[in-house]
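So, here come the structures, one by one.
Heads up, the next two complexes both have subunit A, just with different partners, subunit B and then subunit C.
Then we have the complex of A and B:
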């Protein structure tokens, strides 16, 4: 029985939006599948890994009867990608088979019953709801997501703190060596609430956000967060745990300050990094009044040295860092000029944007 | 150094703690003697003399079990201060022969005597001289193995134990290794030995003839190493300043810990001990945290995770994982440890962890 006829891209685009979270190999075979559902002319796609669930709908209304089925997300995606952009038909056949035809191609696929598909059930009413333009959230995420921990034993660091208070939304990430903070205003007036979003959710959300003025609605539910934007809805579990108090690590008395052009600094570091130790990635910054030297040495005793003129008169300081931690922030900040504030060689450095209290990056030194 | 074969001596004192006790208490020389914890406090045997070994008693055996095997066994508490003093005396004797000494414990060390001209350059005679001086100056006996590498030297020191020595000359290496049962190979315990036997590998000759690819598939990098050892190859140097690779503490409990909560309650105490050990080691940089759990049936498991700071809650989560592997069995011993990292560069951490 013919159940669907559509242009390839009308299916492929929404499918790709949900398949990013599908685990290749899962103990529950149905989790490798995508749920395709047609209701009142709208075809929607849904995938989950039981932590995150993403649904998105095809933009066009399509004729034909309602149906629900699940089939391999990976195979369907590979097929739709491989065939030319043309009309695709889906036939539902006896024995739970799904036949996809396009031009002279024909694929006979297995399905699993849609009723067996595990949903992430929405959990309670929203405690806080607010909206902001997708572009703003995408920008905020770009400023902090790189500092999230990866598979840290402190599981609550493998994610991002989302905090709301009044009309402010704050995002904080840290791996214990550096911390990124970004804040923005939104349309709401909210009580102070905070949740930790899993790393995977953040990476997926970042991928799906458009650089547009269209709003994204964020609802903080009990143990869940729901993001709704365009025709996409992401429901994610939150990480149960206590995120460290970021205020405690923001240095207040770093008095060796100077301004520096972001790209000048970035390019000098990128050059020096070529000879940074492959394992420790150390870089030494040597400050003198009026100048900063950037020094890298690798295990073969090769050396790179860069010198930048800076408007600085705070006296001599030599301090080491993991160069990747500096490159990360310089690559991801949308500002032309940065302020750097140092204490001493054993204390954290603070990176800010002049005249903007909505961004902070704190990085601990490395003893080299 | 030239390409000529190295000369390595492995010296291993015989029943060290027990020997020191018998030296100081002549009345204990002819009775079954063990050094260890008391059976009523779940003690474990650290060492026993050769008379006690005839009853099947061995180190790491529960004291209670040892007493069942030999009811007249005398178990005395260890006196580490005296053992350490004896160890220092022995170390001074080694130093008369070479600077290249790698102590493995209080009573065991590798010496590299390649190029040493004492005793006309004969490592065999140096080993005899060392053992004689240990007997005369320290009052205990030691055994020695002499070989071109550490692996064979260690096997050889066991060959004529106690109070004996054995030489594997470079030209005898191939025949010696070929006849060696796999269980004598460094790192091969009961489980690996059984797996090797299942593959039809019983002796060094079988190992040497085995397909290195198969060994690697079965045992990973260890398989590769076994294959090398079976060809008499062990390039490990005698490392005088042996780098510490880990620091750990453990506790055997007088009563089994019945559940996870009881285990968890012991963590702060263990962590405090671990912290003090680490500070005595000079606060080396950390690479990973390790939790060891030994269950009532003596099976044990370790769980580890990369981390660069000590964290109580992280140890707690490792404990959960380890405890779960016991499927509800009570816990006899808990250990906390850290693996140490390289000290060339050290990334500093934010200080917001609990203390």
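Then we have the complex of A and C:
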């Protein structure tokens, strides 16, 4: 029985939006499937790994009967990608088979009953709800997401703190070596709440957010958060744990200050990084009044040296860093000029944007 | 080159709630009893938790708004102004220098005469066997005297787990058992090495496992 006829892209685009979270291997076979549901002309796609659930709908209304089925997300995605852009038909056959046809191609796929699909149910009513333009959230995420930890035993670091208070929305991430803070003003009076969003949710959300003025609604539920934007809804568990008080690691008395052009510094570091040690990634910054040298050496005793003129008169300092931590912030910082503030070689450095308190980056040095 | 780490988690203050040996419960009730004995002496083997109790008692006093002071007889001379405080803790009484013994004796007497303030002292030995001046030794025995019972391995394991949980660290049980059998036996050292492990694993971005502990202990064993 023919259940669906649509252009390839009308199916592939929403499918790609949800399949990013599908785990390759899972103890529960149905979790490698995507749930496809057609109701009142709208075809929706849903995938989950039990921590996150993403659902999205195809943009156009499609004719035909209602149906629900689940089939392998990966295989369906690979097939739709591989076939030429043309009309695709889906046939539901006896014995739970799904036949996909496009042009002269024909694929016979297994399905599993949609009723067995495990949904992530929303947990109670929203404790806090707010909206902001997708572009703004995407920009905020780009400023902090690179500092999240990866598979740390401190679960609260494998994610990003979302904090609301009054007219402020703040995002903070740290892996214990560096910490990134970004804030945005929001008109409205938000309650003081905070949740830790899992790393996977953030990466997926960042991928799906459009660079547009369309709003994304964020709802903090009980131990869950729900993002709704366009025709997409993401429900995610939050990380169970207490995020550290980030204010205690922001250095206030770093008095070796100077301004620097972001791209000048970035390009000099990128050149020096070619000869940075592949394992330790160390870079030495040598400050003298009026100049900063950037020095990298690798295990083969090769050396790179860059010198930048800077308006600085705070005296001599030699300090080491993981060069990747500097490249990360310089790549993602939305400003042409930034201020660097150093204490001494054993204390954290602070990166800020002059005249803007909405961004802070704190990075711990390496002992040289 | 070693990566330094952000100081994300403040060290929790010693409190009576994280002194978990059930067998020492009567000591805690004596220390927190506002109408109870004003002069208390605790004794027990090194590492049984005396210092922790003294510091928890001081933190407790500060929370209730009392002027308090913690003095370590091993590390410093007892200042005469200590008598101004109303809660005075004197640790390592058995290591007091002769001059400090006189100071402590005089603090004791002035508290006794004034009828106010409290004095909590600790040492390794029961009062009668303390190597201090006779007059001080008898005074120490006049108040309440408790032996702080040493923690069993089970207690230490529980304390280590609680310490890890407070720091939101997920650590497999075999790490704790390894520490109990391969590191110094007293709880202070054990908890200290857990803090070191915390920073070490954060700097290396590696999980806390027995192999990581072995690497750390090899590099630190030479240092005391």
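By definition in this document, the second predicted complex is superposed on the first by the 366 of 368 C-alpha atoms of A that agree within 3 Å, B and C clash if a C-alpha of one lies under 4 Å from a C-alpha of the other, contacts with A are read in each partner's own complex, and residues count from 1 in each chain.
By definition in this document, a residue touches a chain if its C-beta (ideal position, glycine included) is under 8 Å from a C-beta of that chain, and two chains touch if they have at least 3 such contacts.
Keep in mind it's a predicted model, so treat the numbers as computed, not measured.
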Subunit C versus subunit B on the shared subunit A, clash or fit after superposition: clash
Partner chain in contact with A:334 - subunit B first, subunit C second, else both or neither: neither
Which of subunit B and subunit C A:174 touches, first, second, both or neither: both
Partner chain in contact with A:149 - subunit B first, subunit C second, else both or neither: second
Touched partner set for A:315, first subunit B, second subunit C, both or neither: neither
Partner chain(s) touched by A:59 [first = subunit B, second = subunit C, both, neither]: neither
Partner chain in contact with A:367 - subunit B first, subunit C second, else both or neither: both
Residues on subunit A lying within both footprints (that of subunit B and that of subunit C): 152-155, 174, 176-177, 179, 244-245, 248-249, 277, 280, 282, 320, 322, 346, 348, 362, 364-368
In the complex, subunit A residues that touch subunit B: 152-155, 174, 176-177, 179, 244-245, 248-249, 277, 279-280, 282, 320, 322, 346, 348, 362, 364-368
Residues of subunit B that touch subunit A when the two form their complex: 289, 305-309, 311, 313-314, 317-318, 342, 344-352
Contact footprint of subunit C on subunit A as seen in their complex: 149-150, 152-156, 174-179, 241-242, 244-245, 248-249, 277, 280, 282, 320, 322, 346, 348, 362, 364-368
Subunit C residues touching subunit A - in the complex, by the definition given at the top: 1-10, 167-171, 201-203, 205, 207-208
